[in-house]
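Two complexes come next, and they have one chain in common, chain A, joined by chain B in the first and chain C in the second.
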Partner chain A sequence: MAALPRRIIKETQRLMQEPVPGISAVPDDSNARYFHVIVTGPEDSPFEGGLFKLELFLPEDYPMSAPKVRFITKIYHPNIDRLGRICLDILKDKWSPALQIRTVLLSIQALLSAPNPDDPLANDVAELWKVNESEAIRNAKEWTRRYAMGN
Partner chain B sequence: MSLNERVQEELEALEAILMDDISIIYNENGCPELVKSTIFPSTANEVDKQYVCVTLEAKLPDGYPDCEPIVQLRNPRGLDDSTINNLYEAIKEKCSEFLGQPVIFELIEIIRESLTESNLPTCQCAVCLYGFSDGDSFTKTKCFHYFHSYCLANHLITTKRHFQEEQDKLPAWQKSTKGFQASCPVCREHINCDVEELSSAAPPKELENAQNFEVTSDLRHLQERMKQLFTYQKSRGGIIDIEAEENKLLLITESNGDTPPADNTEDPGPSLSNINESVMGDGLLSRGQRYNNCRLNSSGR
Partner chain C sequence: MSIFINALKNILHRMLQLLSFGQKTITNSLNIYIKTSGGNTLSVDLDPTWDIKNVKQFVAPKLGLEPEEVKIIFAGKELGDRIRIAECDLGQQSILHAVKIKVKPKLREIKGSLVEEIEEQCTKPLCNTLKDVMFSSDDHTAIGKTESSSSNESDKLRVHFFVFCPTCKALRSGKIRVRCNFCKSGAFTVHSDPQNWNDVLEPKQITGLCENNPQLCANVLDNREPTFAEFYFKCSEHTSLGEKDEAIPLYLIRPNLREIPCLACTDISDPVFVFPCAEGHVTCLDCFRQYCSTKLMERQFWQHPEYGYTLACPAGCPDSFIKEIHHFRLLSEAQYAQYQRFATEEFVLRSGGVLCPQPGCGMGILPDEECTRITCINGCGYVFCRQCLQGYHIGQCQNPENEVGANSDGCIYTVDPARAAEARWDEASKRAIKVLTKPCPKCRTPTERDGGCMHMVCTRAGCEFHWCWVCQTAWTRECMGSHWFG
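Moving on to the complex of A and B:
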């Protein structure tokens, strides 16, 4: 296996030294390209109070290709499906090597603050979000309380 | 001479000297309120050798020049934060020194002097996150963003390959007629570069000299916390069970009368293979990716 690129080392160091508020990301012991991530639910969102676990993997040609990210903790959100996959343009065709692990995680946190049911990945959730927003928000809060609490 | 006439005289002089390099914005009463100029180092008009620039925006409050203009430096290119901060300091000094007299031209001059002195990018390459050392081969884009030639070549080659792969997947009528257009990694402005020439450059020096990553106790602590959270949430049924969810998806697809049976080996249809494909492409790791990498690493390779 090729040595870890310097850029990944540098990003990891910076994530440790200057952590982003509400986000922690730490490399796996046995695979430095695999990160364990916790994103805290943003204030004033239905996800407030939740601690969401995600996994992030840097592919062989990172930063030329986007990291692969998904939620591990269950979450009720129109742009995140039952498998935890995230609908976010910068993870696909809008990826640029000038983006970093920290910018990706910040964008995901922003997506929790601003769900976008018009660009859905989880269709049933998006549908409810559009026709009955208050019920959808109630569900999201309920899922957060039930699944995303810390010990 | 009235205050207004003095300002008018200063602005006319600026326009005479700087011509197209300055723009003056007037408010609805016809009074000048904003002066804007993008400043480059003096390189005897060799545009190719200008590696840095910054836009000066000076708001002229009522009473200027008897009170100081409000100065902003915008769109710095090739300059790091400390250079910009030093410039702000120098501007502040100049403004108080010249209180009561026209100062815009003076400001432009000190900025130009400073840019000429540090006419080498002091920022990082956005691709590898390292700086530019003496002898590094680097490229300035039209939009004044800097990359090691080696790093930019990598970006161009990869995005072109990704574009081609996406195109190959599309049916003929959906294919782009335009062909591949390279763009700047930082601002996405279109760029045109000679990839072959760029890719012949050696990797940047700092890349070679960087130190290794060390596992700290902070990191250990965080890892421990992650593990605990996972175990706790799992005990409450809060962790996504990929296998169960994939099986649910399969059931949905299979019960959909429009899909052909999935056991045809020649054309598996949209059910099984496509689901796995999209699962992979959208951020799920295959078991292989997750565990093979671990094995390779722990065996010390």
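Moving on to the complex of A and C:
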């Protein structure tokens, strides 16, 4: 495997030295481009109190291409489908090499605080979020309790 | 007659040089052409340690003049007597211009010391009066010339230009040169130095005096506007091949005076690529190449109506397209060839044309609007249907699935086995494209769906059409309601 670009080394160091509050990202022992991520559910959101595992992979041409990020923990969210894929513009066409792992993870955390049912990935979740928000929030809280708490 | 004498003198001088070679070796002598106002060119060897006064003494007899009657012009400046040749950014076979002075120098002295001081300043070569700081910023309010005492620092501030040299076929450091905008003669002096890139790149920014033919160049313009300077560039790394040997300024590549880290890899390197956005985002040259090749592979270059096939700042800044597309010469030869091919294809598609669908051809064709039977005239000769891009047929286009293998209807032809083997691979990929992809309903770009919903957005830069994978038409609310997720 080719040597790890300096940018990735620098970003990793900074993630270790100055971690983002509520987010932990640790590179895998055998692959420095693969990160084990844990995002805590933001306060005043249906995901509060939950710990959500994600995987983040830096492709060969990072930072020219966006990192690949996916939720491993099941989550009830209109912009995240049942495979954990995330609908977020900066992971697709709005990606810029000026963004970083830390900004991506912050954006994902922000997405948990502010779901966007008008640009959905999981259709039924989005539908319910629009039609009956309180029930959707109840579901989200239930899923958080069931899948994202207590290991 | 005088030419004959000059030639004789030249030969005599050469012989003397040869004879005296043993005792007086001219170290690193520069072979320079001197163009005179009469249109003659002298080839001379100059010692770089000489000053301009020495040059005048050397050249004047050849022109039949006194040294005081000659002025030496180089890169838009009349050079002062005390300037040494080594300071002038001259290379092997550079051209100096020797012009006869019309006003006697003695008359000038009466005007007093102030005038003389200014003149003394003007006669420094252009490469010494231009500073990098002026060119590192794009705003039109020029940053003043910083006078520095230590020679080390002034050397650092000396202007650096980067060019694409068509002879070396590579990025090189460049030299700025000046000529008359009208008659293209190099015997031209500027009234003021360019203060920024706009002054250099845009025509008619800096006025000057054409010494080649002042009357003609001013009269043609009816004296209504002054004579203007035209700036051009040469490669500093190969011996000049004459006046036509120009290089293209890559003005977005600049010395990293402010030590700005690369946007992508965060390393501080020198030189850097400065994007033409308001923020002036910086990448190192390696990351610029990587950015271009990634975008090229994804067909994400933009067909800009004025600039051509280009890219904008990677940080997504508005109005940040690269205007001088020669900057893409930083790509490898193979990638640049691909860039040119994609640019041509994009241009053909934008102009309502079609690309020949025959594997290995891809010729661009611009047919009449109503024409549906298209012949690849200058390419492979294939005749195809404009709608389905299959072999030409009468009537409705067939479904691609039914069409495979329909051609074997007993034509008599011979097949070159080598060509056939090659074509088989192409046929396989053609089939794979047919099976796995659907064309964008707007621009026909074959598109593969690798998961997600049925809402497709065309990936071709500039098309970005929203369409439905099921209906193969524009994406509607109805698609959203009935088969968004299949």
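In this text, the second predicted complex is superposed on the first by the 149 of 151 C-alpha atoms of A that agree within 3 Å, B and C clash if a C-alpha of one lies under 4 Å from a C-alpha of the other, contacts with A are read in each partner's own complex, and residues count from 1 in each chain.
Throughout what follows, contacts are C-beta pairs under 8 Å (C-beta built on N, C-alpha and C of every residue); 3 or more make two chains touch, one makes a residue touch a chain.
Everything numeric here is computed off the predicted structure, so don't read it as measured data.
> If chain A is used to align the two complexes, do chain B and chain C fit next to each other or clash?
Here the two partners, once superposed via chain A, clash with each other.
> Report for A:Gly84: first if it touches chain B alone, second if chain C alone, otherwise both or neither.
In the superposed model, A:Gly84 contacts chain B only, not chain C.
> What is the contact status of A:Lys53 with respect to chain B (first) and chain C (second): first, second, both, or neither?
first
> With the two structures laid over each other on chain A, which partner does A:Ala98 touch: chain B (first), chain C (second), both, or neither?
The answer is both, since A:Ala98 touches chain B and chain C.
> For A:Lys10, decide between first (touching chain B), second (touching chain C), both and neither.
In the superposition, A:Lys10 contacts both chain B and chain C.
> Output the chain A positions appearing in both contact lists, the one against chain B and the one against chain C.
Comparing the two interfaces on chain A, one with chain B and one with chain C, the shared residues are 6-7, 10, 61, 63-65, 85, 93, 96-98.
> Looking at the complex, which residues from chain B come into contact with chain A?
Within the complex, chain B contacts chain A at residues 126-130, 151, 154-155, 158-159, 162, 166, 185-186, 188, 206-207, 210, 212-213, 215-216, 218-219, 222-223, 225-226, 228-230, 232-233, 236-240, 242, 245-246, 248-249, 279, 282-285, 289-290, 293-294, 296-298, 301.
> Quick one: which bits of chain C touch chain A in the complex? Just the residue numbers, please.
Touch list, chain C to chain A: 263-267, 281, 283, 287, 290-291, 294-295, 314-316, 451-453, 457, 484-485.
> For the complex, which residues does chain A have touching chain B?
Counting only chain A, the residues touching chain B are 1, 4, 6-7, 9-13, 16, 24, 26-34, 36, 38, 51, 53, 55, 57, 61, 63-65, 68-74, 82-86, 91, 93, 96-98, 100, 146-151.
> Show me the residue ranges of chain A that touch chain C in the complex, using the header's touch definition.
Against chain C, chain A makes touches at 5-7, 10, 61, 63-65, 85, 93-94, 96-98, 121, 123.
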